[in-house]
Structures are given as C-alpha cells and as structure tokens.
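In the two complexes below, chain A is the common chain; its partner is chain B in one and chain C in the other.
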Partner chain A sequence: MSLISTLARLEAVDSGRAQPLATVRHRHLTDGPLVLVPLTTAGEAGAPLGALVGTDRAAPRLLAVAQPRDRDLRFAFLAELAEAVLPHIESYADVVEPAERSEVDPGTGKKVKVEVELCADAAQLIVPSRAGIDFVRLLGRSMRFRRTAEDDPDTPYPAPARVPLLGRWMTHYGERARVPGSSLLLAATDLLNRHWATGQSSLEDQHLGALLAWVDPPDGEPGAAAALRAELERDRDGQLVCPPAGPATDPAFDNRLLAPAIERYDRARAALAAAEDALDADTRLGELSGAEREIRSLLAGVLLPTWDAVWRGIDLLRELPEGTRAEDRWTRDRWSFTAHRDRVRAGEPPQPRRDDAVTAAQKLAARETAQAQLDAQEALDDPLVLAGRRLAGEAFIGEVTEVEMAYSESKRPSPRPLVTVRTDERPHLGERTKVYRSLDGRPQTAEFVGYATEDAGHAEPEGTVHLVLRITDRMGRSKEPAPGSVPEPGDRIAWTLFEHDQRGGPKLPDPEDTPWTHGGPPGAAGGGHAEQPDPVTAEDIL
Partner chain B sequence: MLATALGSPAAFGQSQFAFVRGNAFEAKVKADGGTELLRLLVERLGGGAEAAAVAAVPDLTAAGPEGRAARTALALREATAAGSWTLLDHPMLALEVAGSPAYLEPDAVVVHPDGTWTVVEIKSFPMIDSSADAAKVGAAARQSAVYVLALERVAAMTEGAEVGHRVLLVCPKDFSNLPTASVVDVRKQRAVTSRQLTRLTRVEDIADALPEGTTFDPGCSAEELGTAVESVPAAYAPECLAACELAFHCRAKARAEGAVEALGRSVRGELGGLTTVAGVLAAAAGKEGDPADPTVAALRRAAALRAEALAGVDGGVPCH
Partner chain C sequence: MTAVPDPGAAAARATDAILGDTLHGTARGIVVDSPPGAGKSTLVVRAALELAAAGRPLMVVAQTNAQVDDLVVRLAEKAPELPLGRLHSSDSDPYDKVLDGLDNVRKSAKAADLAGLDVVISTAAKWAHVKNVEPWGHAIVDEAYQMRSDALLAVAGLFERALFVGDPGQLDPFSIVGADQWAGLSYDPSASAVSTLLAHNPELPQHRLPVSWRLPASAAPLVSDAFYPYTPFRSGTDHGERRLSFGVPSDGSGPDRVLDEAAESGWGLLELPARHTPRTDPEAVRAVALVVRRLLDRGGAATSERGPEPVPVTAERVAVGTAHRDQAAAVRAALAELGVTGVAVDTANRLQGREFDVTVVLHPLSGRPDATAFHLETGRLCVLASRHRHACVVVCRAGVADLLDEHPSTEPVQLGVTVKFPDGWEANHAVLAHLSEHRVHWAP
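After this line comes the complex of A and B, so read on.
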C-alpha cells in the first residue's frame, strides 16, 4: 500500500466513510453484465450448492441442488447453469466488426495485415468476491474434461450436453481474470476496493457487506459501526443478517437450517422410492417437492442479500465516469473473447490441465506487460492515481517557463527544443532520463538535460526547481516543429518517468526452434496427446 | 464464551458437511490397516523401499492425555526397535508451550524400518492437477511442524530414531474421493515454530503480572471481564480475525485507541513513529509533528498531492 492510499484509509477512519482512491472508473462495465452468485457445499471440491444468475437485477434465476452429494442433481444444476450462462455468452459471439491483425506470413516471413472478425462487445461476468473468481475457475476445471453421451456413448456417467462447453468458457474467464486490468470476469469486492479506501484493513475489505457499509453507509451511520453489523449481526435464529458472499456458506446456516432440510429431502425421496401404489406415490411426490422448495427458499434467503449487494456495488461504480483508457483495455478483452470463440468453433480440445512451458512463459510475459500498461494508463486517466506516482518521484507536474529552440547536430538538423519547467516536486531524474507527456493522447518523449540556475530577480518559493528538458519526437518531419507540438510558456504539463505504451518483450522462438530444456522438441510435437477426462468412481463424493 | 460475555462474539465453527467429509476421507485413507496410506508413503518417501503389505497398527488407547502420550512414546520405541513398518493412528504427543504442556494429536505417524518417523497429515481439501490451495497447504505445513517438534522430544530419548522433516500430506485427488499425497518439507516452519516457542512468555509469568483476583469467568459482568482482559497485553493485527476468538474485542479496543495497526501491520511500518490515526492526520495537515522528520514531510506531501488531485476533479488539472 502506498503512503497516499494509507492516508486515504486514515481519512476514512476519521470521517467514518470510505474515501476515493480514484476519480474515474478504471474498469469497463458493459451495459448488461451477467451477475453470478455461487454457493458451494462446505468441504466438497466440486459440489455446488446453488447460485443466483442473471442480467436483470429484478429477476435473478435461482439454481439449487437439493442434495449436493447426488451426481445426477449436480449435473442437472450444471446443465441449468449452462443454459443460464451460455446463451448470454453466445449472444455476443455473433455481433462482430471487421478488424485487422498483423500476422507473420508463413511463406515470406513478413508481417502482413489480415482481415479478421472482432466481437463488437464481449460478455461480462461479475461475481461477488475473489473466492467467486476462484470458484469459476474450479467449476471450469471440473466441467471441461467431462464427456457427454454424444462424445463417447460408453462413458460412465455422461455429462449433460453443454456442460463441457460451459467448462471451457469458465476456464477461459477464470484465466483471463488473472490478467491485470482485464474486465471479462470481475469481483465486486475488487472493483470497490480499487476505487475506494475504507477505514479497515485490506483483509476485512474482502467482506462484501462490510466493504459496502464503508463505501455507502446506510443513513449516515459511521462506516465502522455499519461494517461491524454486516460482519456479526445475527437474527433470533442465530443466522447472519448479512450472509457471506460465497461461495462458502456460514457454518451456522449449514448446521441449523440446511442440514435438517437436506435430511428431510432425503427422507422424502426414500419414502417416494418405497411408495407402494400410485396414490401413495402422489402424496410422497408432493412431500418431496415440498422439501425441495424448502431448500430452494433457504438458499434464496442467503443468496439474495449478496445478489443485491453486487448490484449496489455496480450502481456505485457506474456513478464514476469511465477512464478514457479503460476502453482500450476492454478492446483487449474483446480480442481475448473473440479468440476463445474461434478456438471453440474450430473444434479445438479443451484447455490442458497444465500449460506447457512455452504457453506458461507467454502468459506470464503478457501479464507483466498488462500490469505495466495498467499502471501507466490508470495514472494517465486519473489525477489521483498520478498523485501517487508523483509522490513516488515517478511523475511530476510543472509549469513551462521558457522554450529555447535548438537543433540536432546532423546533416539534416531536426528540432530539439529545450523546455524549462518549474516544479516543486522531486522526480528521480538522472542524466538523460527519458520523460513522457501525453500529446493528443499519444506520448511525446523528452530527455532530462539538467537543472537550470534560478533567476536572481524572481523570489521563488522554497523547494522550487527548474528542470531543462529536451523534446525529442512528435514534432513532424520539417525543420520547424509542427504547430502545437512544442509546449509554450505558461503550460502546465504532467510528465511521467514511465512509458505510456508497453511493448511486450521479444517474441518467443517457434516451438521447433525452442530447445527441449524450455519445452520445445523433442517429444513436444504440439501436444500430441489429448487430455483424458478425470476418472470417475461409483461414488465420487465422500 | 469469554468473547460473547465481552459483547464481541466471533463466529467460529465448522459446517457439519465439512466435518463429515473430513472424517469420512480420513477413514477411507486409513482403511484396511493403512495399506493405501502406506502405499502412498512408500511411493513418495520410500526411496526405493518395498512397501510392507501389512503394517503393524499398535493399539494406543489409554486413560487421559498423559496416559495416551506415554502409550504413544512406548509404541514409538517398540516400533523403532522392531524395525518394521508401523502406523500409529491418532497418537498423542506432548509439547511444552509457554511452560505448560499441550497435547497434540496428529492424524498419523508412520515408523519406517530404518527408524525414521514421518508425520502424516490428512486433509480434505482437494489436490487438483497435483496442486492445492497454497494458504491451506501452508497451514497444514505449520500444523505438521508442531507435530515434528513434539516428536523430536520423544525421538531424543529413543535410540536409532530420527524424525523426518518431510511430512506426507494426503488429500483427495481432483474431484474424486481417491487419496493422493504430496511431500511437504517443513524445515522452515519447524525452525520458525521452534523459535517462537522459545520466545513465548511463560504462562506463569503472565499470570504473575496480573493484579490479584483477576478472573476470566464468563459469568462476570462485561465490565469486569473487560478490565481483566485489558490487564493482559495484546497486540492486535487484522490477521488475528482469522484465528482468535477475542479478535473482535481487541479490534474494537485498537480502533477506540486509534491505533494504526488496525489497518494492517504494514501500515505501521510506513508511518514511522506516528502510531495513532489522529496523530498521523494532524501531522499530514501540518498541525503537529516535526517537518524535518522524513515521515512527516512525506505525509504532508501526500496530503497536498491528494487534495490537489481531488480538488481538480471538477475544475480540471489540464494535464492530458
């Protein structure tokens, strides 16, 4: 945590409500995000308990598993989840716009522009918390290797038709969520924490209810008191008024309400199986569906507060104007979405259990580039983020006091104007350190020349320095700089010591040129073996 | 109970679903006299040794924790002398913590024919594609390290015995209920725990420092208990919330005092000598503090930059 955000937290403690950490929204929000609030069975790895899902806050779709240990019921849940999520994803897959991508021509080895499709928008998924993102990954992993009866008629326990496909999409979303600044799969807590500092620690900020209590306290109640209620308040039955945002449930809910309800359901099912005649079966069936309804209403009771909280968080975020460069990052998300759509349509196998060395290296490099890009873009979009970088000496704002024309020493001299900037900040500048400013949205480079001696005539406030910078690019091709491309005296300009655009590192060599120590041949041969589905056992739940 | 009586109850508890699953998994792993467990152990730690088809599983029942600990020590000595594979199911170990004995019950300890003792920890979180949740594995490693320390006390008195610093963590494989295992090296956790144990203030010393007549009887009034708890010094940090039942009480106290640690341990480090929220804010606002102090100077700059950026939202700093 930087000092400036620590200060924001302390201000939040003092004022009793969260303080802004950003003046614009740094994550793109689509017009119709799909909100998913999942619950899981305590102690089980792949046994979802229920979920609320939908794009309309007034009409969530409730999915529930009456007996999480029953494989058929779990499959029914996943099939229903696929029916709730996949149409949403697919509705974005067919709306495309033409785009260009540079590819290396295999014949000539030159870069050529290729016309490709780019989805005009992408499906956005929002879950309550980071644990929810992990759960999406887990569900993805549990589903993508499943075989349906169509894939393999002999497979034991075939999965419903669209479940493996949902697994592949969820895996893609879960993987994309690890790229800094991406917005395909977001957690409400992360979104709120990026934009507000609460008066509690970052550990406590993972509690969605407590976090909202700070950001938007009810009726002017101090944030700390409202957060405490969200954390601990229980009703007469000992149930949390603000249930955990999942996927884990509160043990008191499991033990006092859910376990007895599941037991009643099991009894009703056993009774139905033992029914002797049609009339008897009819009554028993009624009891069974009654027991099922009870479980559904219990789950709805603990899911709805979280559902509302996620939407409240989205409302709060929509009040902030979107940062200019967030759109740029969303375009990258759209590329990622389109690429996965193409892989699915091309009939490629599901993502492997483990990435090979080359893919892993590429992913890591891409994430590092994305992180650096995110840091730069957020600072350029938001003076409050820039303030943090200025405090760290990585950027400064100064007023131009003097511009002196100068030229490079070459056969065709190009303009290299010297700009004197007055600032009271202390950037970490060394000889020829490059600094950048944004000129019509594109970076202009200058290099640090030295400190100017101050005029004796002016009484400067203490701590003010004069920096001389030499502008080196973006002034056009002619001898005279293009109009507007050189700062003028009186301009107040923000300079950064970090680059505005991030170039990825050098490209990795082709697989055939990669030595075996780094995952290349021999043997790799493009991952010749297909991933096998997980082995299933007669009873796969303990 | 004490936390509830103080008016700051903490929610700790285990879901019966998780409890049932944990027990069922452990029973499955140890079924058939531990054949499967031993197979996993030999596969991961055997070093080419042949698995014994059947391990000896001595009976460890005895009266009371001391009795069980003594029985366990005896069984360990016998097994080491016998030089055969032996599985101790839920042995009882004693370890001195802050001057008073604590009794520990590992899931299992296996004695190798060469006299090595290996701690086995059985957990019900899954190992998916051979990797498990790092936080949970870390917790299991710390837990096992304590068992290793306790075993070392017994091994010191047993000829030919050595405690393995690599413990076997057994978890369900992927989404199934089949066990799989991984070797966890706990040397680091063992060293940390060992150091912490030697540094702990002895319970008697804490008790001696308390005022005469201090009681923690939950039957007393919240006020009396508050005074009693306050007489024991505690350093609250947000990490306490996950581990201690009194954490909410300590948090309320820390917040009331305006302690900056309530926002996280790292915050304290950043703020140098300033320890209270009010003190930091006053220093940042230029009302207090020595401007020559680098922390104060940095705070003032941070406050000025933050105010400038926030004021510029409507007026606009025309930087870009």
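After this line comes the complex of A and C, so read on.
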C-alpha cells in the first residue's frame, strides 16, 4: 500500500468518512451498463440460485432456480439468463464504425493497414463484487462447452440453444476483466475502492454494504458505525438487513428461510407427481407455483438491497468526471469486444479450457503492458494520483529557473538543452536517470545530469534543490529546437520517472512453433491434446 | 565414510562433468545449479571458450545489460583474440563504455552484423527480438532461475542445445500482474525458465557446483542449511583463512560493537527496540548508515586466501541491501548526510549476482506489523545473506521472531506447483535463530 493511501485511510478513520483517492473517474462507464447480481447455492459449486439482471434500475429481471440441484431447472435458468444478457451484448455488436488495423500481409510479410469494423461502443457488465467476477467466469466455463441439440442431435441432455454462446461471452468478459484498466466487466467494490479510501481493512472493503457506508454514510453517522451496522445488523427474524453482495448467501438465510422453502417446493412437486386425478393435480399445481413464488420472493428480498447498492455506487462514480485517458482504454475494450464478436461470427470453437504456452505468455505480456500503462495514465490524468507518485519519489513538480542551450557531440549536433528545475521534492534520481514530461499529450524525455550548486545570492527555503536535466528528444530535426519544445524559465512542469507509453513485448513464436523447452506444439505427440468438449460423466446424468 | 575431499578437487570434478556433458553429451539441455559464489561466471566463461575452441557457434543469454557487459569483459580477458559479438539495444548508452576499448568485441544492435562471430552475447530481452536468423547450435543461458518462462519461450527458437546455469535459491522471477490463472501449468509464463524446461524435459542431466568460493566458512553452513537443505554446499575456505580487522578500536557504541562481533564471527545483528514503523524507519535507516560510516572510519581491513597482506575494506567493497526501493533511497540519503559515497545501496533484486567484502542488511521484516509473502520470500533473504566474503551485519527491530509466529505462511496451495522447501517462514526462522547468537542490543 502506498504512503498516500495509508494517509488517506488514516484520515478516513479520523474523519469518519472515506477519503478520495482520485479526482477523476479512472474507469469508463457506459450510458447503459448491464448490472448482474448473481447468487449461488451454498455447498454446490457452480449451481446458480438466482440473479437480478437488467439495465434499468427500476425494473430488474428476477431469475430464480427453485431447486438448484435439479439440472433441468438450472438449464432453464441459464437459458433465461442468456435471454436477459445476450440481447444486450448483441445490441452493441452491429453498431460499428470503420477503423484501421495494421496486419502482417501473409504474402509479403510486411505490415499493411487494413480497413476493419470497430464496434462504436461495447456492452458493459457490472457485478457487485470480485467474487461476482469469478462467478461470471465459472458460469462461462460451465456453459461454453455444452452442446445443443442443434450442434449434435444425439447429445444426451442437450443444452438450450443460446447457453453455449452465453458461456463464450461470459468467458471472454471474465478473461478481459483480468486486464488492468479494462472496463468490460467491473465489480462495484473494485470501482469504489479505486476511488475512495475507507477507514477499514481491505478485506472489509470487499463488503459492498460496508464500503458504501464509508463512502456515503447515512446522515451524520460516522462511517465506522454505519459499516458495522451494514455488516452485522439483523432484523427480528435474525436476517441480515444488508445481505452479502453475493454470490454466496448468508447461512442464516439459507438455514432458516431458503431450506424450508425449497423443502416445501420439493414436497409440492412430489405431491403433484402423485396426483390421482385432474382436479387433484390442479390444486397441487397451485401449491407448487405458490411454493415457487415464495422462493422467488425470498430471493428478491436478499437480491434487491445489493441491486440498489450497485446502482448507488454507479451514481457516486458518475459524479466524478471521467479521466482523459480512460477513453483510450475503453477503445481497447471495444477492440476486444469486436474481436470476440468476429470470432463468434466466424464460427470459431469456444475458448479452450487452458491456454497453450504461447497464448499464456502473450496474455501475461499484454497484461503487464496494460498495468504499466494504467499506472502511468492514472498519474497523468489525476493530480491526486500524481501526488502519490511524487510522495513515493517517482515524480516531481518543479519550476524551471534556467535554460542553457547545449548540443550533442556528433557530426550533426542536435540540441540538448540543459534545464535547471527548482523543486522541494525528493525524487529518487540517480546519474542519467530518465525523466519524462507530457508535451502536447506526448512524452518528452530528459535525463538527470546532477544537482546545481546553490546560488549564494538567493536565500532559498530549506529543502529546495536545483536539478539539472538534459532534454534529449522531441525538439524537431533542425539545429534549433522547434518552438515550444524546450521549457522556459518560470514554467511549472510535472516530471515523472516512469515512462508514459509502454513498448509492446517481442513477437512470440506461433503456437505451432512452440519450442522443445515448452513441450513443443500443442496437440503434438506426447506434449499436447486437442481440446475436446467435456466428456459426459456419470455425474452429468444423476 | 570417505575423507572429505579438497574443495578445489570437488569443484574441479563437477566442472569437468559439466563440460563433458556440454561438449560431448547428447541431451538438448543441461542444467547447472549453483549456490551463491560457486564460480558460476567462471564456469560460463570456461564453457563458452571451450565451445568456441571446438568451433561451435555460440550465443549467450544473460538477464541484464550489466551481466552481459561483465561476461564480455571476462571473456575478452581470457581470450583477447576470440571474435566476440555484443548485441545491444538501440537505446542511448546501450552498453558499458569499457567494451569500446576491447579490440575483439564487435558491437551492434542488429544480429545480422554479428553473424559468423564465435560468440554473440546479449540480454534475453534483446534476443527475443532477433528474427529470421540461422539458429545457433549452442546457447548458454546465464541466471536461468531468474529468467521467466515466457522469456525463454521467446528465445528458445534461436538455439538447438543449451546449457542453463543459475542459482535456484535466489529470488524467483516475478510479474507485476497476477498469474494465478496459469499456476500449475508446466509452462506457467510467470514461473522460472528452468522449472518449465525441466517439466517438459525431465530427463535432462542436472549438475551442481558443490563449493562456494565467496561465502566464508562462517556463512556457508548457515546459508546451505537454511536455503539449500537438500543440496548442501560448503565453503571453499576454512575458518581462520578470512579475517576482518579494524585499525581503530571500538568506541563502545552499538554500531562498533556489532562490527566487532561481525568481524569475529562473520555475523552481527544490531537489534533496535521493538516498534512498528513505516517502511523507511528513520532510526533503522540511520543505524544502517552509521554502521557503514563506522566500518569505513575504523579502517576495516580484510585478509583472505587471495594474498598475505590485508586489503583495506573501501566503500566499493561494501554494500547495503534492503527489501524495497524506497528503503534503499532512504539509506542512500542517510549515507550522503554522513558523507559516505561509493557504497552500493540496492534492493535484493538488484544485488543478485554481486559480491562484496562486507554487507549491511536492513532486515525485510524489521518494524513491520505483518509478514507478507513478499517479505517472506526465501530468495530475498537468501540474496541478502549471501553477498559477502567476510561479514554480514543485519539491522533489525526486535520482535521479528514473534511476528513470524503470528504470520505463518498462508499462501494457497496450487495443484501442480512444486512446493518450495524450505518456505520463507522456515528459512527466516533459521537465519534469525543463528543471528540471535550474534546480537547486539542498541537503542539509538
């Protein structure tokens, strides 16, 4: 944890309110995000229990599984989820704008510009917590290899038509969420924690209710008290007033309310099956749907507070203006969205269960680049984030006091002006450390030459130092630097010790050229195995 | 029981076996584990020269530019006639200027310019960009345990056979983003190059260098027991062969007493009163700086097997090791205030592979309220405790043993991942138990 966030947390404890960690919003929010609040069944991995989903906060769609252990009901739930989520995703897939992408021409091996489609916007999915993101990933994994009757007429227990497709999209969103700075799939807790520091531990910050209690406490109540209430307060029936944000449910809810309700549902179903005549069946059907309604209303009761909390979080975040460079990162999300759309349309198979060696290395490299880029962009967008980096000695702001023209020693001397900067900060500069500033939105590089000797004529406040920097680029090709490309005395400039842009990593071999050190090409003898759909096991047909 | 062989003979036998496999073996890869200061660089230089002498074109992969330049200089010293290539980046100042003075070294940013030279040396990062060249018959991968699996993936197409040399006890490579998703896969891109290599090629011959020439007899047993329990090594020198003495007697202060203890026993623990502090604990940082200042002021002199005369311990023979970069920066500032220059102050990551007469270490857990996986990492402590030829002084707040007991390792167990033993928790306790025998209490 950085020093500045520690300070912000201390201040939060002191003032009883969360303290800002950012002055702008560092994640893009679309106009119509789809909020998904899922619940899972305790003790039954990957068995969804219910969900609220929708883009309109006033009209969430409630999906429920009355008996989570019944696979038919589970499939019905997933089919319904697909109908709630896929139209939202697809509504973005056809609104496109022309864009250019550089591709390697297979004939010549040269890079050429290709005209392609780029989705003008992408579907955004917001879940309450990080566990919700994991659950999206899990659902994606459980659905994408399913076969529908259309894929294979002989498949036993075929999945409803659109379920595998939802699995592929959820897998894509789950993977994309691992890219630092991406906004396709966001967790409300992550969003809030990025922008505010509370006075509680980072573990407690994963509780959406407690987190909101710090960020936006009810009138006059200190954050700590409100958070404690959010975590512990129970009603007369022993139920949490602020239920957990899921997907896990509160055991007291499971034991006292849900289990008896499911039992009644099971009994009603058994009774219906044993009905002797039509009249009897009709009555019992009524009882069954009554039992189902009861479960639905129980689930709605624990889902709605979280639903509202997510929207409240979104409201709070919308109050912050979006950071300039967040748009850039969203464009990358749109590329990622478009690329997946194209893969689906091209009829490519679902994402494999495991990445091969090359794909894994590529993903890791891309995420490392994204992380470094995110760190730099946030600091450039936001003076408060920059302040944290300054405090850590990774950036500094200083006033230019002197500029001395100098030239490089080469056949064609190029300008290498020496700029003296006065600052009272303590950046971690070593000899020839590179520093960067933003010049018309692009980085200009300078290197640290040394500390200027103090001018005896001036009385400087204690702690002030004069740094000499040599500007090394972005001054044009001629002997005289381009106008405006060299700082002038009196300029106050923010310099960073970290780069503003990231170079991409090296090109890795194609998967079919995976070297012997990494097991050779996937699918080759010994090392690999082609990805097949899940085999049907005994557990599939209980 | 056989008699303990002479360390020089044991090391020579190991080296001969490695060179035999490299020159005449049939395996595509050979892995050499080397404890700290066991002559790894010497081995790399020798293997490179023998391969070159046998007329086999060789590429050498090291991890940092400093390591590459160091290897080039060593090779040029041994074989001033051998045509060497230094492949470098296109940044400004891509290599050490010393190389400009070496006639047999050709430098270029393009691999094609260096084609045909006997030995071409570069960093893994630069090699990864080399494309469309005839593969080399042989490669030597230096510091292979610090190389990430994905870095090996990018360069493995450039060679047919390779010798992988490294120290398994040092810091594992790391990634700035989470890579749990791939944990347990044989080719986890964030794992070390050697673990991927061996997972896919378990039949490769593995060798071990058995003698540390750097660590004194006082340090080798501790480092070996604490960090290499299943692959023990020993010191190349015996007790009494290395001595550290001071021209100026102790003034009775904490720093002086701990220096005397370290000179006597090879280890010193300067223990400050227990307290929770920020990372850049001003008292501890100042204590570290004071120890260094006193070490230089008192005219430290080191006697070793290298010569009969004591050699002064000057600033460049001293290093300060920390866990974090801001701590290193704070120590640098404190040293500057005391007028000390020329002492290497860096984090464990950056001190890897380097050697000094005396090291002063700010304990990674000093003053902390918690013990995270980062601070418990075995390799971090191993690097910090194995950079010295004569003595190591550790500066630490009291109470680390209790802190360790309150924070047992809680890292999740991942299927398919080899459990590292000893874990950092165990290694920290082992080192601490040994250090406590050389403790000097001091309240600044």
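Worth pointing out:
To be clear about the criterion, the second predicted complex is superposed on the first by the 517 of 542 C-alpha atoms of A that agree within 3 Å, B and C clash if a C-alpha of one lies under 4 Å from a C-alpha of the other, contacts with A are read in each partner's own complex, and residues count from 1 in each chain.
Going forward, a residue touches a chain if its C-beta (ideal position, glycine included) is under 8 Å from a C-beta of that chain, and two chains touch if they have at least 3 such contacts.
It should be emphasised that the depicted structure is a prediction, and the values quoted were computed from it without experimental measurement.
When the two structures are aligned on the shared chain, A:507 is found in touch with chain C, with no touch to chain B.
Of the two partner chains placed by the overlay, only chain B lies in contact with A:397; chain C stays clear of it.
In the superposed model, A:13 lies in contact with chain B only, and not with chain C. Of the two partner chains placed around the shared chain by superposition, chain C is the only one that A:361 touches, whereas chain B remains out of contact. By the touch criterion defined above, A:42 reaches chain B but does not reach chain C. Applying the stated contact rule after C-alpha superposition, one finds that A:438 touches chain B and leaves chain C untouched.
Of the two partner chains placed around the shared chain by superposition, chain B is the only one that A:200 touches, whereas chain C remains out of contact.
Judged by the number of chain A residues each one touches, B leads among chain B and chain C.
Judged by the touch definition given at the top, the superposed model places A:255 against chain B, while chain C stays out of reach. With both structures placed on the common chain, the touch criterion links A:386 to chain B but leaves chain C unconnected.
With the contact threshold set out at the top, residues 3, 354 of chain A are in contact with chain B in one structure and with chain C in the other.
Residues 3, 178, 180, 354-358, 360-361, 363-365, 367-368, 370-372, 392-393, 426, 428, 432, 472, 505-509, 513-520, 527 of chain A touch chain C in their complex. Chain contact summary for the complex, chain B toward chain A: residues 8-9, 11, 13-22, 24-25, 28, 124-126, 128-129, 172, 174-178, 238-239, 241-242, 248, 255, 258, 260, 262-264, 266-267, 270-271, 277-278, 280-281, 284, 298-299, 301-303, 305-306, 308-310, 312-313, 317-320. Note for the complex: chain A touches chain B at residues 1, 3-4, 6-11, 13-14, 20, 23, 41-46, 68, 138, 141-142, 199-204, 224, 228, 231-232, 240, 249-252, 254-255, 259, 353-354, 380-381, 383-384, 386-388, 390-391, 397, 438, 441, 492-494, 534-537, 539-542. Contact residues of chain C toward chain A in the complex are 28-29, 92-93, 125, 128-129, 131, 149-150, 152-154, 156-157, 175-179, 181-182, 185-190, 193, 196-197, 199-201, 278, 325-326, 329, 333.
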